[in-house]
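Both of the next two complexes hold chain A, though its partner changes from chain B to chain C.
On to the complex of A and B.
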């Protein structure tokens, strides 16, 4: 871990990727991601890696898939509209069990939306990676420090499970300057033996590395596909036990819970502190992995202890709220405080919304 | 007895699933023969696109990887930049390469990526049942141009090789045909030249190969060859366009 230095969120995160052994980046400029792409345009060359300014996000994610199939740790970064274009290939990467890390520096809204930070891509990355219903892991850091700390893990897990890993930050986190201790440099791993890596000629011909698992023990292609997808589902279900990450803040004696993730959680923490100063027993529950979602941890919150809860997000219509509601005990009233993005959620508004439920 | 011919070792030891009269099989065989002649059996890697062309990846004894429809040149870019010593063959049909993948195709060509694109042009979407492609000829009947392709609505045939030859970066751009023995020999020579450029680190090469699709043209293989001679090669003249 290096000494703390002040860095812009996007740049620190890209430097963390380099230190994590990433040696290929392809990206297409989109606000608020551009500073990430600009940084790696020179940094990758400096470290002996490859940088390609792609013709589109669609091309960028395919370059990442191609780089992964060469055995190189590879990365792209984008924002909502770009992620929409990438979903085709995220689906292919899940199906083909091809790793890669995708940073989505969220902006708000549908369509072009707005360039300020938002959290309205929650459903898009937690329900299915493109068509077909397969998913990878989704990390949602709260700060630049947490994002750089998660970057090594993102690559490791992407390769361990052979799935794409999405990291969600947002426009405000990306532009914010704050003190950060960057992770140590690690050497890029040797992935040449991996089944998804082509052209390494170590042992056998890897004919037809393909996104749909047609070939297997059965002469019937549909059987092979079904078996592979059953195994995929079992893998995803196991993540509920092994890969869930979350933070609890002042939850020990809490009678009220605020649920929030990413930037909203950072603001919500201030609201919790304010309410605590007023003598209200409020805690914060913050999922760090949105996929797997901390389902059982939320379900375990007791109605005998928790009187009410509030879900906070920068998304209108609400998305995260419904996910929390799905798992929270039905006898605990759950409120929703949300802004559409473009506007930050405010700690005094969060505190007011929570107090209204007391 | 002297052995004068044998099945190329890079071809899998089973029959292809291409239709009778289709020339994909010839193209795949030529790629394998050239790879053997150049001694690149251990470094050749193929890209499997979407469409009939995808099948080639299952018929060859070297590593091949799949890509989404149209994205071959982008995926190939990410691969080849990191494995510069492998010889990368991006094998695509005309719909994949010149319609849904036009953007990726042209930009990879313009960046001068050091790989070879081989585009099989049979003027229709084969695997999906013979719909019109950007390459479909004026008046040609397909399942989506049942009265014959109307260029007022669907545009003129897209001569992709000429388009790519107009860019300053590509090193070698050619169109060859697989419907005559002379054409097959010239096609093999073209593939060899393209691979040699790539092996020397010379940059991007594009080889368009005209093929018949008797199944979707609703012709016998024999009539399809005649049609290629009399009609197709008039729209798509054969020969080197650049380099």
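On to the complex of A and C.
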């Protein structure tokens, strides 16, 4: 860890990717992601990596998939509308078991939405990566510091499971400046022996196309595909035990719980502090992985201890709220506080919404 | 102790630079600080604002509903933000562009003629640096020495700029003394 330096969220995160051994970036500029792409346009060159300003988001993610198949740690960053365009290849990457890290610096709303921050891509990345129902891991850092801390892990896990990993930040986190301690540099790992990497080995040409589930042990392609998807499901189910990350803040004696993720959770922490000063026993439960979602940890909250809960998000209609509701004990009343239109949730409003449930 | 600031003016007055310099300075003094810009289709002459928080401890929410200090450098910003000062907070207005400013009850009002002062500093572009000096001296959560040093480092190496910005910062500090 180096000394903390003031940095813009997007730039710190891209620097963290470089330090994590990422040597290929392809992206198409979109507010509020542009500063990330701009940063790597000169930084990749400096570090001896490759930077491509692609002609579209779909082209960018295709390049990322291709670069991963050459054994290079590869990254793209975009915002909601760009992620929509990438879904075709995200699905291919899941099906073909190709790693890669995708940073989604969220803006709010549907269609072009607006350029201000939001959290309305929750469903889009937690239910299925494109068509076909397959998913990778989804990290939702609460701050720039946590985002840079998670970057190495995002690449490691992406390669370990051979799935794309999505990191969700948002416009406000990307544009914000604060002091960040960047991770140390690591050398890009040698991935040439990985099964998804094409090329030559011992002078012989390895598989020149990606490892699709059609080609398995059976001559019957349908059987191979089904077997591959059964194995995929087993892998994803195991993530519930091995890959879940979450933070609990002041939960030990809490009678009321605020659920929030990302920037909303950061703001909610201030609300918890305010309510504690007023003598209210409130805690914060924050998923760090949205996929796998901390299902059993939420389900374990006791109705004998928790009187009410509130889900906070920057998405209207609510999304995260329903995911929490799915796992939370039905006898615990769950409220929803949400904003859209680029408005950040505010700690005073979160505290008021929580108090209304007391 | 956490202080929240809302800084607003028109594009070109150096509002975003002011907010960033505050965060750089606070970091030099090992304080936690956040700078959150309102971004979008800003342009020279349009409105520009940002939120800054400075604290001895970890900062949660980077935005706020109301602020301890609201700094407005033009009329549209005054109209939009004058009522967002916390009770017992301070409203700081640029009287060169905001005539007859009134602060809400329980809010302290500071009027600074930035046009005049920046002429004294040597350039109309130094208004934000004057404000930086004033805020450091008036509020006291960012050490003046750290702020001045980091500002001079970030704001250009030419000797004439260093002299100008140095003078502007000191002018701001001097203004603050009248309100101590």
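Convention: the second predicted complex is superposed on the first by the 346 of 358 C-alpha atoms of A that agree within 3 Å, B and C clash if a C-alpha of one lies under 4 Å from a C-alpha of the other, contacts with A are read in each partner's own complex, and residues count from 1 in each chain.
Note that contacts are C-beta pairs under 8 Å (C-beta built on N, C-alpha and C of every residue); 3 or more make two chains touch, one makes a residue touch a chain.
Note that the structure is predicted; figures quoted are calculated from it, not measured.
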Combined model on chain A where chain B meets chain C, clash or fit: fit
First, second, both or neither for A:96, with chain B first and chain C second: first
Partner chain in contact with A:269 - chain B first, chain C second, else both or neither: second
Chain B versus chain C as contact partner of A:175, first or second or both or neither: second
Chain B versus chain C as contact partner of A:348, first or second or both or neither: second
Chain B versus chain C, judged by how many residues of chain A each one touches: B
Touched partner set for A:158, first chain B, second chain C, both or neither: neither
CA minimum distance (chain B, chain C), superposed complexes, angstrom: 29
Touch list for chain A against partner chain C, complex: 4-6, 31-32, 115-116, 171-172, 175-179, 266-271, 273, 344, 346-349
Residue ranges of chain A touching chain B (in the complex, touch as defined): 23-24, 26, 50, 52, 54-56, 58-60, 62-72, 74, 88-89, 92, 96, 198-201, 205-211
Of chain C, residues touching chain A in the complex: 20, 23-24, 27, 32-37, 39-40, 59-65
Chain A contact footprint on chain B (complex, rising order): 12, 42-43, 45, 48, 57-58, 60-68, 71, 74-83, 86, 103-104, 107, 111
